[in-house]
Each structure stands twice: as structure tokens, then as C-alpha cells.
Amino acid sequence: MCGIVGMAGQGPVNQEIYDALLLLQHRGQDSTGMATAESSGVFHIHKARGQVREAFRTRDMRALLGDIGLGHVRYATKGTASNEEEAQPFYVNAPYGIVLVHNGNLTNTRELTRELFSKDRRHLNTSSDTELLVNILGSELQSEISGPDLDPAQVFRAVARVHERVEGSYATIALIAGYGLLAFRDPFGIRPLILGKRPAGGRDGREEWVVASESLVLENAGFEVVRDVEPGEAVFITLDGTLHAQQCARNPTLAPCSFEYVYLARPDSVMNGISVYEARLRMGERLADTIAKYTPHGSIDVVMPIPDSSRPAAMQVARKLGIEYREGFYKNRYVGRTFIMPGQAIRKKSVRQKLNAMSTEFQGKNVLLIDDSIVRGTTSREIIQMARDAGAKSVTFASAAPPVRYPHVYGINMPSRQELVAHGRTIPQIAEELGCDYLVYQEVEDLKAAIMEGTDLVDLDMSCFDGRYVTGTVSEEYLAWVEGSQES
Amino acid sequence: MCGIVGMAGQGPVNQEIYDALLLLQHRGQDSTGMATAESSGVFHIHKARGQVREAFRTRDMRALLGDIGLGHVRYATKGTASNEEEAQPFYVNAPYGIVLVHNGNLTNTRELTRELFSKDRRHLNTSSDTELLVNILGSELQSEISGPDLDPAQVFRAVARVHERVEGSYATIALIAGYGLLAFRDPFGIRPLILGKRPAGGRDGREEWVVASESLVLENAGFEVVRDVEPGEAVFITLDGTLHAQQCARNPTLAPCSFEYVYLARPDSVMNGISVYEARLRMGERLADTIAKYTPHGSIDVVMPIPDSSRPAAMQVARKLGIEYREGFYKNRYVGRTFIMPGQAIRKKSVRQKLNAMSTEFQGKNVLLIDDSIVRGTTSREIIQMARDAGAKSVTFASAAPPVRYPHVYGINMPSRQELVAHGRTIPQIAEELGCDYLVYQEVEDLKAAIMEGTDLVDLDMSCFDGRYVTGTVSEEYLAWVEGSQES
Amino acid sequence: MCGIVGMAGQGPVNQEIYDALLLLQHRGQDSTGMATAESSGVFHIHKARGQVREAFRTRDMRALLGDIGLGHVRYATKGTASNEEEAQPFYVNAPYGIVLVHNGNLTNTRELTRELFSKDRRHLNTSSDTELLVNILGSELQSEISGPDLDPAQVFRAVARVHERVEGSYATIALIAGYGLLAFRDPFGIRPLILGKRPAGGRDGREEWVVASESLVLENAGFEVVRDVEPGEAVFITLDGTLHAQQCARNPTLAPCSFEYVYLARPDSVMNGISVYEARLRMGERLADTIAKYTPHGSIDVVMPIPDSSRPAAMQVARKLGIEYREGFYKNRYVGRTFIMPGQAIRKKSVRQKLNAMSTEFQGKNVLLIDDSIVRGTTSREIIQMARDAGAKSVTFASAAPPVRYPHVYGINMPSRQELVAHGRTIPQIAEELGCDYLVYQEVEDLKAAIMEGTDLVDLDMSCFDGRYVTGTVSEEYLAWVEGSQES
Amino acid sequence: MCGIVGMAGQGPVNQEIYDALLLLQHRGQDSTGMATAESSGVFHIHKARGQVREAFRTRDMRALLGDIGLGHVRYATKGTASNEEEAQPFYVNAPYGIVLVHNGNLTNTRELTRELFSKDRRHLNTSSDTELLVNILGSELQSEISGPDLDPAQVFRAVARVHERVEGSYATIALIAGYGLLAFRDPFGIRPLILGKRPAGGRDGREEWVVASESLVLENAGFEVVRDVEPGEAVFITLDGTLHAQQCARNPTLAPCSFEYVYLARPDSVMNGISVYEARLRMGERLADTIAKYTPHGSIDVVMPIPDSSRPAAMQVARKLGIEYREGFYKNRYVGRTFIMPGQAIRKKSVRQKLNAMSTEFQGKNVLLIDDSIVRGTTSREIIQMARDAGAKSVTFASAAPPVRYPHVYGINMPSRQELVAHGRTIPQIAEELGCDYLVYQEVEDLKAAIMEGTDLVDLDMSCFDGRYVTGTVSEEYLAWVEGSQES
């Protein structure tokens, strides 16, 4: 869960990348980074812990000179949250000078690390797969060096070999010093990446380009959508503002991550041609049918979302079922800290710091709560209890996504299988665990249909729901290793 | 627009006041302050610019020792935003030692300032009316000093005289060193203040008390609502945990500020017995009728709120009119800065940094946009333009509140009359100014009814809509003076 | 050990007070504070932990508006170092508004605290005697209030009554809002305070005035020395730039603190007409004679100072004894921190972090080390060991001050008697404790003569050497109480 | 002017490197950096603007894990002071991973930059010659890669080729990930570097090693001096604590920078076998003779140093001439800032903020002021004026170094020739320019003798005094280029 943006402008890009990162902040809040390049090839890099707002002071921004640049917001995986050294972008100075950001997760990091050390004598200073990726790219570009200049064909050949060596998901943006901005997406297009253009109007009447995780960045900054970067495709924008694009993968197949639509992406984004907001409305439509099937008629007085992401689905559930829609939970926008005072016990973190239940809305009612998904189940359990404490007569809980039963290895942080409430439990057992009167999950096929309806999409990464990993390279041994290293 | 909280606990109150201030953060984000008192009478005070989250470091919190305390979040008025010296609480060291926070606005500050200087030789170091208030209270307490101890009756007599000297709105919390926590509300109860209790359970089996601007603070921290502090009433919680309460005003009349219900308060609060959320739903109900009356049948395809505060009203409008409800605007939660770069022009602040319009929701549709109110009109104009840019066929705009035509002098920041879009304009003229196809405002009587329905409330401060000031002491000369000093 | 400065200028004083505080930094490094007053009477106050350099940011300085002001650097006493609330200046808002800074120590704080509470109902929020002093002054000014204005005679009468109520040492500077700058010194002039003037040249051709702990502040900023403020005297500079001065004590007698000359003051200061540098040279002259008397002829090859304060004395010792002078110790100017690392033991603080011994200078030599004084003896013991480790054949140690055997109650921080190495020990016993071959102390009469020689001074506070307290109000019970509260 | 330190310990080195950097702080105060390496090969790097004390917070230190490491303090050259990106150490990740710090200045940067880009495609992101050096070293190590491991012989061959490619001065320390700590010195040993050892005592009974710019680092941390690293020599300490050393230059000749002895080094350091303190005493001895030759007998009443660095020389001058030594100037230790206030003129920086003259010492006297050297002459002129203002009857000025007439290209910041007061002027003309009555300079041969006396040293870099550049590669064209780029 990260957000990335790259921009090739006709004037300074620092403020625009900053604004774009703010719009992508929901994708990661643990660290922030930006790199820009001057036409001389000099890079300026600033990265810091925390949100965009906290990460840049005026003097940092003033140092980020240059008309091309990229940025990153990061959601740290367990145990690395405080590790500033894993903040992106990553930089290597040979060949050419490359800075790179990446959204996704590589699944053959162990092999790549061994290769890089033994073959290339390249030093990896962190356990970040992004550092791996920039070194693999660097290594492949190095082997392309022949004459005095680097041409797009060489860059595309290097990306093609990256595709061959690397497994997993990766939406990637890089700057190559003195040459331009490169962006590419893994052959399954698991993580999103969209390309935008702003009409000529700069100093030299050239077009300006942007690539970003989500389309709202384009809209907000006045760029028109060109298209999603295709799975396996690379685009290379040279310093003169020219766009070069080429398919670099052998058998690219679009199979985007379904979790973007369920939870991660902002509703006002359009990804792979699908409006996230409308996909969520459709999830609500279909979920309504399943709810009707599995709960007794008349057992629900009111439908309520768990804010914010389940709101569209909940509204459609209410509409379809003809039941009143009310917002009984209010989300606390301002989140603070718990200070550790000498001699005082540490307070348990509770969902009650994030949500407030309005008693007047619950008192004596049979409520249907809609959430986007259920992962560990701890939050759902607390929310159900809050509803009861606020006076609810009965609580039906519905998830707009199917049961989460498998690890997610393509860049969404998920706990190990043992911690998933749906792992090894039937739905009635989960309901008992959560403490609700009725529990309804979206059907796997309904989620698929809700996302793909009306598009020419043929595949989707649904691995955490169905255990099928689209890259075909994820073994049980790998899953066990991932879960093991998370534990430690 | 400020938020206040006071707590008399049976253990350290710093973390609980911190948490309470986070919940009140929507009432003010320019500065934050907390004061605690140890049983020895020693005060600890920390105030800082910015939001709660930024204002307190661990070492600040560790210094805030004591089992009673109070806190404040402040929305600075024009021209004083950066004035750290105006942050609350304010402290005077004679008599006894008093720290005080206040939500509201005094309207006879000029007279009080003169009196304090000539009569009491008390120095006012800022232009804050809160500094005035703590000195008036101090001055009146001073004249009560007789024997060795201060008893509740003396405190209440002092508050009674404060009511006589001071005009305007004031919900007030104070700590008196060595004695206890005092809270009182102006005789019209214009600004809210609610009292809560937590069952005995502390060290000595005593009850714990809280007073706060909004009830959600109570709910969130496990306090039960006792009641609103009554207009003119003072409550005094002595250090032993005993609550003393007394009506200190001659003719108290509850006339709470209607703007709390329209916009300011959180929907999950209950104020003066009225659920803010439900009042907003009722505003939607009534607004729907007015919309139906003034717009051609079939002229609206879809109803959309301007997030967040108009959402309940918009949902009810859609429901009542039987028109589809969609969320076409998305609010950017993460707000950053515009950096001033040498040699670059300063960018205009735009509503587009705060809202994003989803084209797919607007394309070819006749949209009805619902906002809670219209003040200057600049934001509304931009939003209407955004809807058009996103493809709307026509834009109808409706305000859940009536036209704002008069200054607000009781503690809500409003521009001077000249800047109000409704000042001196008819509704069609306003519609033209805003650029919408149709414009509908809530009727004054409907707003009143929506708020008061089902309660025994008999009056309401609606001054900015109808020009009637409940305190009866607001002259045209005063309004002109207020507007003049804002300008300078 | 504090430094104070006050300035009544004809333009902004913030930068000049800042510069002055830097020059007084050697007198205290734990906290810093500044207050300025605008002609309207508004005060601006900024105080912070740490040195001047760290305490003020540009925005703090910009807020410190006004043509009169004062500043303070503080050496915190044991246990209060981290207590930001004890930083000076202190402010009371009744009567008039007074901010005050103070160098010294009051010895009847227990009585004054009781009086203030029972008589004046004034709240003391800290245990600082400066907060006491500003309240006593406020209280006395209050009782002078009669007509509409405050005249110098009233101010002087109030100071006279402060002299009557307060015991101990106090060099004091205060701003009275709307009136001017007041400075006064206790009736024994124990702590220094000097008055300077800068010729007319400001906006209105008026003179500018400064009062400060040390004369170097005057020299550095282009003020000419007018004279020391006399013991018991008050000077009051009204806002129009007029100086009023009056003796306010009954029997003033100058008896300045001898420790200023021994150690505390900068050598380039002149205090009470005595050049500190020359007093130190004279201490060396006289010490040389005592050394000659008590050490075998030929037993010393080289004379070395412990930098920095003993350098003048050491040079004169070398000159008078005709022995070579060398600087074998180098003082580390840059002092850092010891970081606490998880799982590592805390390192002992050592004088070796502050001093470095050059082996080449010690190898095989009989060295005479000169220090300004010996208090606890721990540092001296370490230094003697360092000299031996560096190869010294023998180490003679000489102190330019006599044995410290009594507490210092007039504002120099000293440990309790039990911790003084000279307490209850003969000189040979001390020598054994310190580990030196020979130990020589200045004679009490010699120190007195060295300081007073060539002046008309008749008395000196030598209490920590001879146990005679000039104020005549220091009882054994008081000393025991002071030592007791330091321990706790 | 930089300071460097490297440590190969048997436990965490972060605190010890921190302490060492504090001791080297006088060599550079513009930025600070530290790198450590864990045995896994992972580097931790922290660099920041400003002094050591300001640069490291606890969390920075906690992240600097590892038993080997290095550090750097930097004196920024003109125009780069605020450029954080030029702070050392520099890191390259291929081959192996190398971090490097460097004291000195390369004189063939233009050629090296061209080579690196065209031959190696290595990206240089700054104009720092240290980034060049780490890339040259990396490039040469790369060409040594053969088998699976790196052995000391390969490292030494790489250093030998670095000596061939690089011209100028460079005392260098590097960490090679997974292998060890490398240190080497240019073939003329222009900049200092000393090797120390601490007896076995760590976890595995292995020795601990340190290399540093100055010997006082060794003394202070309990290391014994092994020897200076020889000119051209490289020492390589492998992770098992074994020291490997080899001469890597063809014709190494020791010709250390004379300015270290004149001004830069701390007096308590011993460099190339010469005590800096004693060299300065000898400079005083010889300067005394020259003064006697060129000034009329009896024309001087008192000798005064300009603190701090000229103190030893001045003491010896006084002793030899039999004239009284006094310290008439006091150096202000606490340096602050000048704040820019809106509407106020910027104050000129003046030597008066750094020095204070005691009038009592100057009044009516013929003074001889001793400084270590005279560069631009502006400070000397101000000091002479201060002496006159303080009442001096006449002022004789003497410099312990000869006239500075040529640029310094080996790592001491000096202005261009046009700005040197001695450039193109005779001594009487300089005296006139400075405004002194008599001016005496050390003779070139006397400075040489003072430094080399009693050693087997045969050469010295005296280039800024005599224009002879020991590396033999400094052309007039180069000097003009250096001065030109400084100007821009």
C-alpha cells in the first residue's frame, strides 16, 4: 500500500508533486519522499517519516529544483514503520544515476538478493524490495551501455529483462539522470498506474506528462487522462517532452488487484476504466441480494455504513432493500497519541478512539452494519459491541467483500493466515466470533462481477479471497516464509 | 468558534483532556491550550499554535500534572491567527490564582477595558476578551474575600456580578487554585456547555466530573450525561469531588445559537436536548418541500451533498423528493501548504484543493447540490463551476440555512456585511452571482422548526439570519465598530 | 548565578538585549528569557530552556516588539533544571502589569510565602523566589495607588517597603506597563548591577539607558558607564527617557560577593570599581607568596592554570615565582551529550570530557596547578590524577581562593556543607583527599586585600570562606533548612 | 578544513565517534556526518547541517548501529555552506557498498569528472570532490573484482591506482561493506592522519583501532598512538580486527601543511611527531627576535595575544623580550545571530561581537598585539582600531606566520589573491592598510625552522607563503580557475 507519482513538466514540479502526494496520502502515511532532477542531471532527494504535511519544510522544497520529478507515500509493513532508511525513493549512482519509486511487492527477493551480490557485487543496504528493483534496473541498463548515448530502445530492452528477472507486482517510476522519466507496470498490471497529459503551454510549447497511482491526481491538476499504463508496458518521457511507449513483456494479461476497488483506492478514482465509486455501488447492489437471501424478512430497521469506505455500498444496500439509511457512527478525523506517563499503565488502543456511536440512532433498533471487508475481525467485533452498547436490539453485519482467507503478497499489508478471522472458520463460526446476530459476506463471484461489469476486463487478482495467485509463482513455501519473517 | 473542556477527576486528567480536545478539534484549529492543577494549587499550563496533535510533546504532557484541569481549541479571528499570546487559557495570580477558558464573544469589551484599568489597575496584555473575562471574574472574587476560606456561595455571588457586568455569549470553565473547577454559561445559554459524571471508582470512591462544549466528549470517555449547564447557571466542583450548582442570573432564557445545528457542532452531539444529526435530517425534510415548491418538477436527476456537514440534510432531501442520492464530490482529507518559491507567483487558494468532482457522476445530469449554508458565496460559486466543468447539464443549489444577512457577534467568525453574498441582494440576484440555474434557501421559520421540533425550547439565536440579537445590547454602532476593527 | 539586563532605548531593543544576554551567558545556561514592552503597555514575553542561541527563533524575536525591555539567563539550582516554569521573567497583571527579573537569592522565602497567601491572596505557582519578589513589589505598588497616575516617588516608596520585607540578595530589573523601567539592588549590593547611558541620538534626541549585571555589556554596545547602581538604590527610567534615582534603604552598606571576583564574573568586567582581571592578577601575586612559604624551594618546574578562569592568577604566580608558565591542559569548547542506548551502561561523566592534558608538557615535571577555587574537590582530584597519568613527577595544587567551608546563600549554587571537601578537614587532610603532593590555599585576608586593594570598599561578602553572613539574618536553622530542601 | 575519524571497535562505536567529532569540531562547523556498518554489511548514515551537538538526536544515534564506523565535520567552502547534499560521508552501492569521508582538496577534479562520466557512466550528483573520490575508489575496486572475496592486496592495488589518478591532498577513511575500514593519505601527507590502538579487552579479546585527523582524539578515548599514517600508505582493518598496512605510492615524501601548526590544529595535538603547542611556542621565540630587530627598543609596554590560537606564541614573545604579558582582549564564547527584522537595516558583522577589549589594560600603553597570521587583514584592522579606542598609545602588530600571498589549494579555505592584504603590497604598505604603528611578520625560514626543529622532517607545504606547491601539479591556469569559480 503505497502511492506514487511522476511528472515531466515545463517548469518546477516540486509543488505539483507535493499536491499530488497529498491526494495519494490515503495509500500510505508512514513516510514520504520526493526526488527531482535538474536538466544538468543533478538529483535532489528529500525523504522523511510521517505524512506529506509534516515531511516538507520550506527549505526542503526550495532545494527540490527541476522540471522532472517523482514522489512516494509509504505504508510501512510490520516492523519497519520506524525505519527511515526504507523510505523511498532509492538512488543508485551507476549507471547514469537512477532514482526510483515503486508500489507493489516482489516475491522472489531471496533469489534476486543472491544474484545481485554474487553477480554484480551490488550492495543492498536495506531489506526493501525497492532497493532491489532499482539495482536490477541499474544492472540491466549497465549491460545496455554501448555508445555515448542512451536511447529509448535500450531502456525498453532493459525493462524487458527486468520483467524476466523479477516476480510479483510493481508499478514503477524512475528518473534517469540526463535522460528522462521512465514508468512501467508488471505484466499483470496488478497495481495501478495511469498516464496523463497537459496541453502544450509551457516555455517551449511542449506537452507535460504525469504518471500516478490514481486518476484523481490527474483531474485535480488539470491533466487529461491518456490511458492506464498497460500491463508490461514501459513509457519513457525524454527531457525534450517526447513520450516513447513500448510493450516490454511477453504475455501481458491485465489482472488488477480487487482490493483497490474494495477498500484501498479513493472512490473518485477511475482505474483500468472502472470507476471505483460505481464499483462500490454495484458491490452494494449485489450484497443487498445476498443479505435478502440470508436474513429473515423484516429483521432490519436501519442500514448503517462503517465510515468512510463502505458508504457507497451501504447506500445502495439500503436503497435496494428499501430500508432507511442512517449514519449512526461518526468517524473522528483528528487522531492523536497516547502518552506514556511514568507509573501509568498503557491504555489499550480501541476503535472507540476512531469511531463514535450516536445512541439516538441505535436505541431499540435492529441495525444492519455494512463494512467494506473483514480481515482480523477485531475491529468488527468492537464495532458490533459499540452498537449493542448504544442500544441496538440486534446487529446484522455484512461485508462488501468475501471472506479474506489467504495472504496478500502483491502489496497490500495483511496479517498471516492464523490471524485472519475467516481462516479455518465457517461463516456461522465467524459470526459467533464477531458477536453479531447475522453475518453476511459478498459472494466471490458477485465481487468479481461488481468490479468487472460493463468492462472488457477478463481477469482480476482475487488471491486473498480465493487463493489463486495470478503470477503463478507463489508457492506454499514462499507463503510460509513471508508469514515467518513477519512474525519475527 | 472554540471548544472547551474541564475535568475534575480522581487521577491524572492530562491524557483525557487531550483526547477530549481531539474530539472538539472541529471547533478550532489555530491554537490549543491545557491547564491542570495539582492539589497543592500549583498550575501547569501549556499552549501552542496549531492542532492538538502538533501542540503537545511527551515532555509537555508529563509536566501537566494534576487531577483537575481544562482545555481549549481555538479558531482565531481575522488578523490574530498567528498571535500566540491570544491562545487560551489565561491566568491571573490574584486573587487565589485563576486559569480560565471561554467559548463565545463579549460585546461590551470597550467599556470593560476602561473599567478594569481605571477601577482595578489591572493590566490587559492582549485584546482577547478572555483575558478580560478572567480579570472581571478575578476582580469580583477579590471583593468577596473575607475570611480564610472561599466557599461556593462566594463563588456564585462573584459569578452573579460577572453576569451583571458582562454582555455577550460565554460558556466558561475556570480553575481556582486550591479550591476547584468552576463552569458557567451566559444567561441566554448562547454557546453550549454540558455536564457529565462518571461513577465513583477512583482512589477514594468519589465521582468524576466533566464539562464540555459537546456531548460526544462525554460519551467517548465513558461519562454519563447529567444535563446541559443551564443558561446563567454556575457549577462549582470542589477538590473533594462535590458538585455545587446555582442559578446566578436574574432572568435566564435559553436561546442557543442556531449555527451550532446548521454547521458548527458534530452530528453525533446532543445539545440542549436536541440531536444535531436529527436536526440536520429535519432541515433536509423541510428544505425538500421548499425545493419542490420553487423548482420545476423533473428538473433534477440527482441530489449531492457538499461534504461533510450537509450530508444528513442532502440524504433527507433525496429521500423526500424520491430522487437518487449520489456523492459526486470527494473531500480531500489531507491538506497541505503552498510553498513560496523565489521568483514564482503565489497560487490562488482554491476550493479544488479541498474537493474533487467525479466527472462520471456529473456527466449529462441535472444536479441538485445541497450545502449547509452560504456565507460569502465564493466557495459556492467555485463548486457550481466545478459541477459544470465536470459535465453537469444544470446545477440547482440549495442551502439548508436561510440567507446569511447580518453579522454574528456571539462567537462564530463571519465576515462584515459587505462581504456576505446575501447582503442587499434578492435570491435571484444571488443565484446570478453564484452562477447556478436555480437557488433555494431554507425558510427562516423552517430552520427554527427543524431545530426546535419536539423540544420545549422557546427561543433561538438566529441573529445572522434575522438581525435580532437575543442579548438586546447589540447596537448598530457596535456592529459598525466590529466590522471596522476587522478591516484594519 | 544568573545574568540580567534591562534597556530603555529609542528604538527596538530585542536584538540588543539578545546580544547582551550572549555576553552574560557565562552566568547561566539553563534557561533564557526576554520581555519587551510597547508604548501602549503591551508586554511580549518569551522564555525557553537552554542557551540564548537555542532559545530564540526569528518569529520569537519578531514578536518581541518595543523600545524598553529586559532579559535573563538562568543557572538552575539543583532539581529545578528542567522546570521551564521557573524560567524568568515573571509577570503579574495587577497592579499595572509588571515583569521582573532577578539575580540573587531571598533568604526569608518561607515567611514571605505565608504573608502573601494570607494577606494578599496572591497565588504563587512555583517555588521561585523571583515570583515572590514580583508579587511583593506588586503588593507594595498596589498600596501606593491613589490618583490616576504613578509617579517616581510612589515607585521609590514601594521599593523602600520591599527592602523592609525582603531579606537576602537581589539585583532586580522590572518593567511597569505604561510607566517605565525600574532597577534596584539590595541594601548590601551583594549582586552586581551597573548603569550605562548612550548619548542622545534616537528619534527624539533622548538618551538611552541600560542596566546590567556586568560592565562588558555596556562596553560592547557602545554605552558609557554611569556608575554601579548603589546598594539599596532604585533607578526608574520613565518612558520619556528620564532617569530618576533614589536611595531607598535605611542603612545601605556595600558588601559585594567575593565569588564574582574569584570565579563568576568575566575578567573584562569592572564591578564596584574593581577590574575583575586585575583582581585576579592580584590574587596570583598574593598566592605566589603563600606558595613560596609552604612549598620547598625548587620543588616546582612549571606553573599551569586550569583553564579558563584561573589563567590570570596562574600567570602572576609564575611571574612572581620566576617559574616557567605553560598551558598543559586544553579545554574542550564543544560539549555534547551522552546518549542512552538500550542495553548499554550509562557512562560516568568525567572531567576528561572537558579537559585534555598534553603529555609532552607533563612528562617528568614537577607541576604546580592553579585553580580559582576548590568546592567539592571531585574535579580537582580528577585533574590531579590526569596530571599524574600524563607523566607528572609531582603535583602541587594551589587555590586562588581560601577553603570553601560554608554554604553560599546569596545566589551562588553550592552544595551542602557535607559535600564540601574542606568541611571539617584540615589542609593536610584535604591534600590527602585530593591526592596531591602539596596543597596551598589563598589566605582569607589575602583574598580580601586582593579584591579591595586600591578601592574605598570597606566590606565584602566572604561568607562561604568565613561563615559571616553580611545581611545578619542567616541563622543556623535556615542553613539546615536550605541544605535539607536541596537534598530532597 | 575538515576533521575525520574512523573506528574499528569491539562494540558499538556511535558514541565514541560522536565524542571524537566534538573534539574535532574546531576543524569544521558547517555540517556533520557519521556512518556505521553492522557486521551484516548494512550501513547506517546520518548527516545534518550544523555542529555535532545539533546534528544528532537520540533516535539518530540509536539507528547508528555497528562496531565499525567513521565521522566527519565540515567547514564549507564559499557558496556551499547551505548545501546539505555536500555533507559527508558519501556512499556508493557498487561495488560492495562504500562510504567515505575525506579531508583535503583534489586539484584535478575537472579531468576526473570527465573520465568518470565517459568511462564509467557514474553519476555525480554534487560538485563535491569527495563524491569524486569515492567513485574513483569504487571504480578501481570494481576492476579488482575477481573471485568471491576481497583481500587486502586487492584493496591496496586499488589505492595505488587512486594515487595515480588523483592529484591534491586527501586524508581519507572509508568503510567497505562486509570487509572493513580503509584509511589512506596522499603521497605527500599534506593533511594529517594518525593511527591509534586500544589493547584487547573487547568481547573477543581483539584490539580496537582508530584513525583520526588529530592525536587528541586518541588520548581522550584511551587509545595509544601507533604512528601517523605515512604519506601514500594505506591501512586496512578487516572485520576480525586485524590491521593490514602497505605503502601504495611510488615516491612518497612527507610535506605536511604548515597551516595546521600555525592556526588550524588544536595545540594539544601532536602531528607528524611535532607538538603543535611547542611549535607555536617556538614560533613565538623566533618572532621575538624579528620584533626586536624591527622595532625601536622600549617602544612596547605590554604584549597581548589575540585569543585563542596566538596565546602560546605571544607568551613566548613576552618572555623572550622580557615585557609584561597581559590579556587585554576577551573572546566571547557564545555566538548568536543577527535577526532580520522587517523595516530594519542589517547590521554589519563586526569583530566586536567576538572580542571585547578591556580599557584598563590598554589605557596609555604601547601595546604589541600578536596574531597567528594575517589573511584578508579586515579583522586585524578592526582589532587595531579597538586597541586604539580602548586607549592604546601605540599599536605594534606581529604575525606568527609570514605574509599570506598565494592561494591555498590543499584544503584550507582562503580567499582569492586579490583579497589577501599582503598580495602585491610591501610590509610598510600593509602596515598602512592595517593602521598600526609597526608591523612585524615572521620570516619564512623562521616559520619553517619553528615547525621542523628537532624532527627529521625534510619538507613542508608552505605554498600560501612561498607559492611553491608540493604536488607539482598546480598551474597558474588552475589557480585562476579556482579563484574564478569562487567568485561566481
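We call the chains A, B, C and D, going by the order they appear; numbering starts again at 1 in every chain.
Basically, contacts are C-beta pairs under 8 Å (C-beta built on N, C-alpha and C of every residue); 3 or more make two chains touch, one makes a residue touch a chain.
Since we're looking at a predicted model, the values are computed, not measured.
Any chain touching subunit C that also touches subunit D would appear here, but none does.
Ranked by distance of CA centroids from subunit D, the top chain is B. More than half of the residue-numbered contact pairs at C-D reappear in one of the options B-C, A-B or A-D, namely A-B.
Between subunit B and subunit C the centroid-to-centroid distance comes to 50 Å (mean Cα coordinates, whole Å). Centres computed as Cα averages put subunit A at a distance of 62 Å from subunit C.
Multi-chain contact residues, meaning those touching two or more other chains, do not occur anywhere in subunit A. Under the contact rule defined at the top, the touching pairs of chains are A-B, A-D, B-C, C-D.
On the side of subunit B, the complex with subunit A involves touching residues 12, 14-15, 18-19, 22-23, 25-26, 51-53, 56, 58, 61-62, 216, 219-220, 266-268, 270, 275, 277-278, 311-312, 315, 325, 327, 330, 332-342, 344, 347, 352-353, 356-361. Only residues 41-44, 63, 84-85, 91-98, 118, 120-126, 135, 138, 142, 145, 148, 177 of subunit D touch subunit A when the two sit together in their complex.
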